[in-house]
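Two complexes come next, and they have one chain in common, chain A, joined by chain B in the first and chain C in the second.
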Partner chain A sequence: MLKSRINRREFLATTALGGAIAAAGPYRPAEAQTKSLKVRSYIAPERLDPIHYLGAPEADIFDCLYPGLISYKPGKEWGWQLDAATSIEQVDPTHVKFELKKGLGWSGGNGEVTAEDVKFSYERIAKPENKSPYRGDWEALDRVDVTSSHTGVIVLKEPFIPLFSTTLPRAAGNIVCKKAVEKLDGQRFTLEPPATFGAYKIKKIEPRVRFTLERNPGWPGERAMFDEVDFVVVTDANAAETAFATGELDVALLPMTAVPRLRKAMPPKSKLVVSPSLAYWWLGMQMEDGIFKDKRVRQAVQYAVDAQSVLDGAFFGVAERSTGIIAPGMIGHRPANKIAKPDLDRARKLLAEAGHPRGFKTEIGVRNSAEFINVGQVIAAGLAQVGIQAEVAPFDSGVQKAMASDKAGGWKKMQMHVVRFSMAPDPSWATVWFTKEQIGEWNWERFPDAEYNDLHKAALREYDAKKRHDMYVRMQDIMEDSGAYVFLTHGVNPVLHRDHFIPALAPDGNRVYVTKFKST
Partner chain B sequence: MAATDTVTAAPRVEASASAWRRLLADPLGAFGLALVVLIVASAIFADWLAQYPPTQLDIRNKFSEPTLIHWLGTDHLGRDTFSRVVYGGRIALWVSLVAVSISLVLGLVLGMLAGYGPRWLDSFLMLVFDAVRSFPTIMFALAVVIMLGPSLETVIFIVVVTSIPVYGRIVRTLTLSMRVNEFILAERSLGAGPVRVLFHHVLPNVIGPVLILASMEIPVVITIEAGLSFLGVGVRPPTPSWGSILNDGYAFIRDTPWLVLAGGMPVIVTTLGFTFLGESLRDIFDPRLRRD
Partner chain C sequence: MLFYVMNRLGLAAMIVATALAMLFGMIHIVPGDPASIVLGPRATPEMVAEYQARMGLDKPLPMQFLVFFLNVMKGDLGRDVFTNQPVFDLVMTQLPHSLALAGLGLGWAILIGIPLGCFSAIKRGSWLDRLTGVISVSAIAIPSFVVALYALLVFAVWLRWFPAIGAGKSGQIGEQLWYLVLPAFSIGLGWVGYLARLVRASMLEILGDNHIRTARAYGLPERWIVYRYALKLAVLPTVSLLGVGLGRLLSGAVFAEIVFARPGVGKLVYDSVVSRNYPVVLGAVLITTGLFVLCTLLADLINAMLDPRVREKL
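Now for the complex of A and B:
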């Protein structure tokens, strides 16, 4: 029989040492600290083609593989910097000259990156027949003139203010390989880009699991900090926190409700960056059919919802109340809501006038995730005080979109909904979704205001910042006056990361620029 | 006739008393019975037991640990967890009783028709049963929820559709073995129609085993309801459900462990209770299956 050679003291010492190691966090030797980086991808990347990508984590990947002429500057202020271009200049409101860096080479023997690739990439998104969801980014594009192998001119049909704030630095500005893409069926790709030229190249793709990049030795630009970058798919927020604690992730975007807990007890050797988000949450009411067709009913809901309780209950008080769809600091940010506080008596009076003195039954459609369900539950509790019995109906996001787009009338089933839209740093990115053209697409309230539509179009061409600001404020006033909207919050984006590097994040924390990370 | 009734009634009462004695003599059976009585009673008297309305928010008091005021603490919205568990039990039992009853009745009728009816009907019903059973329950449930939307009625529909073949197959087998019995042949030769044969002779003989099966299906249904609610496709919030309490517990497990325990324990206790009781009843009414 074997006898244990460990005595009680040794056992206690070993246990204490083990505990200390565990408390100190995952060990990473110095060379490992720059060897690899593991970034949480909160959706499984499916489309790495800028013409039809699905979300920010995909754009984070293709920024490493085929950047654009310019990109956002990481940090706290929104601004842009040169990326694949050596220069870019707006010569007049409709002409933008650019020059590409020399020596940027496509993989797979596809030659050098040229102005023809830029022309192909931008015009392909703009062409109506290609049906890109991002066509709006290039709505004003007339053509790209190629003036030499590395120079060209972007020619616009009319002035387009968001060009430098949301089109060129985002996915619509990324450059794909004309020669390689033209050989593809349908001239678009999903998970396997046909050619890349960025700071990284693809090492391994494990669909729905991870996407591994390695340093591109042919990249002539600034050397990235990490030899390898793993975009690890962790869709569940709880699992992401656990993965960070066990060293499986180095950078993770977490839900807002994690912030108070993390502030009380941070994981060892880590830092938390909480950035104000540009995204916007609201409670919307479908105003074309059903009970919310009556404006008095919609206004009753506006007066009954206690937005502060929503923030305290669903977001643990981390986020501020929003005053519209445009975040603080941006042109068009509204100073205050017209209905700033709940007024239950007024709500009851409006319901009585509308013929519902005892309220009614309804449902609040939400995305099937804890944050959305909690928002819905707090709103339901508020509505119950004026007799409106609202059930929370969780849906997968695709199902809600399909209902909204259902030409057979499926949209009539939508009554109230809690929605969050992501946002880019130009107000037009928010207002575009509520135009008449978006009814049956993203305008789920079916809000049909002609003045709003005209203002949206005019603001895209308005260079005077004050006038433009006033236009967007007026548009949000119209939205609130319609009764169909209760603005809730912009929220925050908490990003947890290891402390041996300074992450390069977008000012709203929603994008991770791994090529621009710095060592501490 | 009155004399005959008296003669037949006495053994029935005696048999029933004997079954009770045997149930109470079986420690696991008695334990299961006690758990079931406890759960059913708490669901029936939820209005008296719960100290707070199950949807009442008290956001400032979120994540309270168990106290004398909140016996199982509060959740992330400050709702009293004990009240939600008690009302969640009412939902779980209601769903399971309604769903099991409907599927039991339909399973009995279809199973008897398959076993006693023409060959083509038997083949057709078996094909339908096999087709339904070939779908994994959760996948089937998710598909139905996408089509109909999440609700209590959808959960019941899912359970009914997936459970009918369970009862139908057993009833069919029992009916097939009974239809060749001499007393059935005698009844038919005396001119009895299929309805009379099925409902006067076959049904009383197949109902016992199926009722025992139904009692053992209740925890399965409760688990399905909790599972769908956990996935967010079952009972709609803010209506309390053990599954949604578990889901909240999972989402906030780093903030409090009590929610997971509060949502998980009732499912475990109910499953154990009904399983022990069902097994004991099975042993009592079907001695061939009795455990050694």
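Now for the complex of A and C:
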């Protein structure tokens, strides 16, 4: 018989421990009691200098610390609004006058924000010797003329349409402190900005963990809703979803695949904003070497791929089919694909004409993530119906890029690939990667069309919106006619947030403007 | 003893150098250009070439290794290509998190696993022994990341007893310990099973030894025999295993760091491999390899202290 050996002391100790655990109750983060906001940062902020930043989460921090003259208007439509400027006006195609708000003060006794700072910030990125990866944003900049302490003129060498759509409202338009940056070694900084002037100031930096901001009492502009903002580094999307469920995040950008799950069961007191992404996914075929050199083979693939099945199978029906590389709502968005539905008979006929009546074996290179692999597998299943046996080959993104750039011919191994490129809200950001100059870099299809190249250059200088729109539509027609592209989707960006505030998000959901959040 | 320690230190240096040479070769076999990743898609070929020259990436591989090796000899592990921060400083910001996680994970495994194994050996054949065996084998068999996911779901999402992500605010020890509970539980559970099985097997072997039979013949109390004589010898293989385990967990707890969004050396290395941040990969692996070797050395020395037979061989 089993005999209990527990004695009185042990019983009391166990009871006391149990009581203590029960009294402690469920864990409640202390931050929940303060008016703070916890935002997911899906990369670790490492470079807070607009001259060489790495991604959107860093730019979200810039807007809190050192805004630009203008910023994107949060909401559903792409547009801009004044930020550090009281006025900005394009007086002619190459001159933009601006006036800064008065009373914006740099931290650390660096004085007031002046037009000299604007000049320094923009010319610094534009100067070739500074080797900024974002020099392209200011490639048309000639100089910034300072006309008074708070006014100036941005002078362009030639008309540059993306100035207001992607240069000024993005990181290349943020203003840094001339006096403080000039004192730095190499005149650039990484994690510790030498001076800030925005609605928030830095409270604490824990590299690779969190970036905590607190209200800047000296900010003369509109008061931000939260006293403190924590940009918490959560690189894994599943961890971010869990952290939201446990109250450790208040705003989180999640992957597309989370949408059906969330629509079935939303965490309490939360809302989901699903915004159409600007990014674009496509199936590409390398047209310079190998089996896809034959246009008929490429076209056979175009007719064999059922894009709707890809969307249903890999994106759970959350995203719409794309008609090109330019998202809906933007200049240059194409109304429809030329090949809108699969036609297997035509695909088989084209394969037979090309000398492959029984199909062939090939590879679809994809990035090594579940989303990409799923897309590749659904495409492979469709291609199998016309005899093309495509094996899905997952690669690290760096490996794919290295193969594409391999001068020794590594690119020849890249026959088909599923790719996703991100983009900014100007069509030129999408079309630039498919020019001849990008062959061996980002033009993985090695698509070499002269008309396309000319149109890309001309559209950058075309002010007539209708003409510009037509140019971009024509460019996407050329891409599809080449047979090298099957446009799949733009996808969506789901952002999960608490329901006690209205978040200020970019129309594509990819940027979070924490200074512009409103209470419900 | 001194000769033994010197000998082991020399061996340790050779192990670190070999590991570094292998790693250096391996990370350069993986295609991917750090320059184009660091500079972004809009970088011109001239900018990429200039960056490669500045970072020494345009030199032949053996030359790059030689430069790296000589710098390491001078105590310079290089700089992070993104932040330009010294790699040593960067690793040192992450190492305390990894040490705490590995230490606490193994700590609770020792506290539970060793008594469990000991108890099983003493009660050999009883239903409690069999139950302990089933639990131990199950703990070993369940992959740690599965434990992590379920622990997260039950204790963080449903019960809300523990936080789901992060490591707590720096400087707040209590909060940081609270954040460690679930990750430490996840990585330690398998070790509970390992240690229990190992200690049980060792104990059974030692309890059948001549000196234990002699002790019993002298009429020493059973509790005295078990805890004073048998257990002391039975934990020897455990000490060696723990030395290796602690060293491995310093950079090998990457799954826990990802699932719980914790900082740590493992995640630092993982992120750096993905972004081709070679100086950080090399520097972090150098430090963790050094610590791994140190842990195994300490385990051997502890073994020598506990077991006179080992001491005699030195």
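Going forward, the second predicted complex is superposed on the first by the 479 of 520 C-alpha atoms of A that agree within 3 Å, B and C clash if a C-alpha of one lies under 4 Å from a C-alpha of the other, contacts with A are read in each partner's own complex, and residues count from 1 in each chain.
Keep in mind that, in the parts below, contacts are C-beta pairs under 8 Å (C-beta built on N, C-alpha and C of every residue); 3 or more make two chains touch, one makes a residue touch a chain.
Only a predicted model underlies this, so the values are computations on that prediction, with no experimental measurement involved.
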item: Partner chain in contact with A:F360 - chain B first, chain C second, else both or neither; value: neither
item: Touched partner set for A:T257, first chain B, second chain C, both or neither; value: first
item: Partner chain in contact with A:D312 - chain B first, chain C second, else both or neither; value: first
item: Chain B versus chain C as contact partner of A:E248, first or second or both or neither; value: second
item: Which superposed partner A:F164 touches (first chain B, second chain C, both, neither); value: neither
item: First, second, both or neither for A:Y42, with chain B first and chain C second; value: neither
item: Touched partner set for A:A393, first chain B, second chain C, both or neither; value: first
item: Which partner reaches more residues of chain A (counting touched residues only), chain B or chain C; value: C
item: Doubly contacted chain A residues - partners chain C and chain B; value: 238, 396, 399
item: In the complex, chain A residues that touch chain B; value: 237-238, 241, 257-258, 261, 309, 312-313, 363, 368-370, 373-374, 376-378, 380-381, 384, 391-396, 399, 413
item: Complex contacts: residues of chain C adjacent to chain A; value: 30-33, 36-37, 39-43, 47, 50-51, 80, 82-85, 90, 93-94, 152-153, 156-157, 159-167, 169-170, 175, 178, 258-261, 263, 268, 271, 274-276
item: Chain A - residues contacting chain C, complex; value: 26-30, 44, 46-47, 54, 131, 133-136, 190-191, 204, 206-210, 232-236, 238-240, 242-243, 245-249, 396, 398-399, 401-403, 405-406, 410, 433, 441-442
item: Partner chain A, residues of chain B touching it in the complex; value: 55-57, 59-60, 62, 76-78, 146, 149-151, 231-233, 236-239, 247-248, 250-255
